[in-house]
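Here subunit A shows up in two complexes: once beside subunit B, once beside subunit C.
Moving on, here comes the complex of A and B:
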């Protein structure tokens, strides 16, 4: 089996991972980055496949432009990136990687986990109909393949991604029916934003202005109630919600659509930080279970660092600063730089993080899931899509005495399918909490077991030993 | 102390063995309280492959009783209407070395002589019965006896059935003490409450030694870790439970097992190691399982591995069960040591323990499972890592 030995191994080539790599490398550490995707950049800086010829870069958008600078710097620094590589097991100083049908190992003095986040799955009636997507999925199709998921599109959920995506879809030629935003901030809530970082604020205002220019209605305080259709979504029932995001009866309206984007924020990918045994805490504003870390991104395990959305959803600007701090701190722990040098080099990032933190707290307050979000489900709405487990099934299991995920799983097979509980896990925590009267933080998430991503069995066969 | 309640039987342990005892005892009209420190099936029963062995692995269980194992599962499923993913399609055992083939001939002949339905397959039959078997598999035998059951569903089904018969099942309720008075176990303490009991049954699997200490009874059982892997598979990829047959050594293992599930998945395993109560799924074990199961079914290499997990089985020093009363405390019963054949012997164990309580003796002789065998010989000292 191939073994690579480096000072610092970084999981994830998104904004956090690449920023960490740049700083650590500059500080004199040997760095290796691994990423599942075909090209580095993560979701925010997702690039079209290598085989594509790009005629007009401007069409790829603003994120792409920002990402280009980071990617160019990484290339210039000569940082090694192993793409198409999944990390399937982790222990201090050890990563088990799988590329194609080959498993190999990285041994390192330190590890930065920068695994990002994925779309929060929010079950509601009709969400398994073809034509209903997550916003992140639709954006991936658009960014990487230049494919439009549909023609007549409704976006629903909360947070800035839907605003960005609506403009991107319109730009690419889709008919965007409306953007439904759960949060309905009063003026009072908006005031503190004026002290936020200008770039983020101008971004936000820019997205809203663009929507207005394109005559795409931004409906604040509205959300999707049900997706309808036979064999394919053909209409969307929407309604107005109160401050707790609960439906106000009698406000329902129907739109004809062929595509619905569900964008309810993100869930941190904590599979690796949990498998290695880092302490975690539940913070719904950050997306759910997140690893504990200090100001310098150090976890409860020595020489294991976390950065970016995987350690709490906060977006790419925050992720880059967190990555820088993690990379510098790792370099310091590896003995590449002294503590005073760390303090000096990390000062500006830490300061920016403090400023971004304030802005983020406001956004979190607006977009963090509220109780009504998990009340759209009816008893026959599927929560676990792999194994087809409904809310009604969960209700029955709780009636029979289930109080933990460990007891739902064997009864219902929830979480036993191909997605390894990524889709149903976050919802089940809320649902079980609601049905049993437990706080979500009292519910132990599904335990993580290797491989945390499906890998071909062939990868476990040691080809050298077999010869 | 809060109000004292009582049961005829206090069962400690909510795995396949404990819930089976609860079910069988309740069926015979005993009042039952079962205490489990975690959720049901959180030990070996939750990690098991769910194989039901063809033959009587235990040399000491009388054959006429062992042969009824299949019927016990069929009856349980029919009587209770519970879905335990019962598969009665029989088992295939395979040999892929000359040594093991020689042993297989001997083994099949021995079983046939005792009246067990099993026969050797020729090469054409092997490909016909299980097309994906490796050409390197040089011998195989098939028996209509045995098959699979989903061990977690079995545990829950037994608990539900017991509850319907009046049993109380306390999960997340660790036993913290056993009350002993006048040479008898008189009750258990669990979840800050006290429960009187006429019988106390220690069915805590690999944790039986710890529970035994509460009553001052030595139960020489150690945790033996086993790891398995779950593969995503198209239906029919593997049709039967397949097990490799090996010439038994001093540390008998479960060999290599491949079990299709009704959910388009295949479970493969297992391993055997002594590492305390650690249940970390290890890469080396995953590689070892992968190598061994691809030796039997090369096409498995094309499938995806979804998960790997481990559990600890209860292992005695001589590999035989303990189904017995304690010498110094004869209403304290112990049922453990089932190692890798717990699912197969779950129902019979429940029957035997219940017979001890209701008849004062078992319907078949099982002296070989007595706890006293460890104090009578030196072997009691020898348990532990090999």
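Moving on, here comes the complex of A and C:
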């Protein structure tokens, strides 16, 4: 089996991972980045496939431009990136990788885990119907593949992604029916944002203005109750919510749509930081269970660093600064730069992180899940989409005495499907907490076991034969 | 928008036109596209039927996490349509349940 030896291995070629790679390389470390996707950039900077010819960059949007700058810098620096490669096992100084059917490994002095995040799954009646997608998925399809997921679209959830996406869909020719935003903040809640950074605030105002110009209603304090249809979605039942996002009875309305985008914020991908044994804590504002780390992105395990949304959801601007700090700190631990040099080089990133952090804290406060979010489910609603386990099934299991995820698992097979609990896990923590009267942080998440990504059996056998 | 499909050719030119087979029907695709993009572009939304409830499923997360868009691609069951790039002559089938032959 092939083994690569480098100073620093980085998992994830998004804004955090690539920023870490640039800094570490500039500091003299030998770096290798691995990513599961066909091209680097992560979700936010996802590029069209190589086989497409780009004719007008301006039409590909601002993320494309920002991403291109980062990707060009990475190319110029000669940083090695292994794409189409899943990391399926991890130990200090060791990554087990799989590309196609081939298993190989990386040995390194340090590891940066920059695995990003995915859309928060929020079960509600009809959410498994074809035509009901995550907002992130619909955006990826448009940004990279240049395909509209549907023609008559409703967006629902909370946070800035839906505002951006609604404009992008309309620009591409879709009929955007409305954007439903759970949060309905008073002016006093938004005032602290005026302290900046100004660019982020003006971005937000810009998205809202564009919606108004396009006559797309932004309905604050409204949400999706149910997606309806046979074979695929044909209508959406919506309703008004109170400050806890609980439904106000009697406010229901129905829209005819062929596509619904669910954008309820993101949850961090923590499979690798959990599998390697980093300490984690529960912080719902950051997306759920997140790895503990210090100011310099060091985890509870020596020479294992975390950066970007995978260490707590905060967006790409924060991810890039965190990546820089992680890359520099790793270079310092590897003996490539001294502590004073680290302090000097990381100062501007750390300062920017402090400013961005304040802004994020306000946004997080508005968009972090509130109790009503998980009350759309009926007993028939699936929570685990892989093994088709419903809220009613969970209720029954709790009645029979289950109080932990480990007890739900053998009874219901919840979390044992192909997504390896990525979809049902975050919801089950909230649901089980609600049904048993436990705080979510008291509920241990599903434990991680390799392979954490589905890999061909041939690759697994190949790696075992080599051991 | 290209007529009949939801492809948006704003700012890009697609790869070479090729043909793939979906459930026995020949469908036009372009190099670089994913199987999921080709199907959604021409309005085919059902990618598989679930094992227990036999319910239709489609793309959901779109970034390779949820495993909902699994299809039988070139004979390989449980292949994610969102992470698989098309190739001329590719044979794609709607997956039924766990993907055993129907």
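Heads up, the rule we're going with is that the second predicted complex is superposed on the first by the 460 of 467 C-alpha atoms of A that agree within 3 Å, B and C clash if a C-alpha of one lies under 4 Å from a C-alpha of the other, contacts with A are read in each partner's own complex, and residues count from 1 in each chain.
Note that in this section a residue touches a chain if its C-beta (ideal position, glycine included) is under 8 Å from a C-beta of that chain, and two chains touch if they have at least 3 such contacts.
Quick caveat: nothing in here was measured; it's all calculated off a predicted structure.
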Which holds for A:454: it touches subunit B only (first), subunit C only (second), both, or neither? both
Check whether A:385 is in contact with subunit B, with subunit C, with both or with neither, and answer first, second, both or neither. second
After lining up the shared chain so the two structures overlap, which partner does A:130 touch, if you call subunit B first and subunit C second: first, second, both or neither? second
Contacts for A:330 in the overlay, against subunit B (first) and subunit C (second): which applies, first, second, both or neither? neither
Touch test for A:71: subunit B only (first), subunit C only (second), both, or neither? neither
Contacts for A:149 in the overlay, against subunit B (first) and subunit C (second): which applies, first, second, both or neither? second
Between subunit B (first) and subunit C (second), which does A:50 come into contact with in this model arrangement: first, second, both, or neither? second
Please indicate which partner A:400 is in contact with in the superposed arrangement: first for subunit B, second for subunit C, both, or neither. first
If we overlay the two complexes on their shared chain A, which of subunit B and subunit C does A:418 touch? Say first, second, both or neither. both
Which partner reaches more residues of subunit A (counting touched residues only), subunit B or subunit C: C
Note: overlapping subunit A surface for subunit B and subunit C spans 387, 417-418, 454
Mind pulling up the subunit A residues that touch subunit B in the complex? 89, 96, 387, 400-401, 403-404, 406-407, 410-411, 413, 416-418, 420, 449-451, 454-458, 460-462, 465-466
Mind listing the subunit B positions that touch subunit A in their complex? 38-42, 46, 152-153, 156, 160, 169, 171-172, 229, 231-232, 263, 281, 283, 286-287, 289-291, 294, 300-309
Looking at the complex, which residues from subunit C come into contact with subunit A? 1, 5-16, 30-34, 36-37, 40-41, 45-47, 50-53, 55-68, 70, 78, 82-83, 85
Residues of subunit A that touch subunit C when the two form their complex: 36-38, 43, 48-60, 118-119, 121, 128-134, 136-138, 140-142, 145-151, 171-173, 231-232, 269, 385-388, 417-419, 422-423, 454
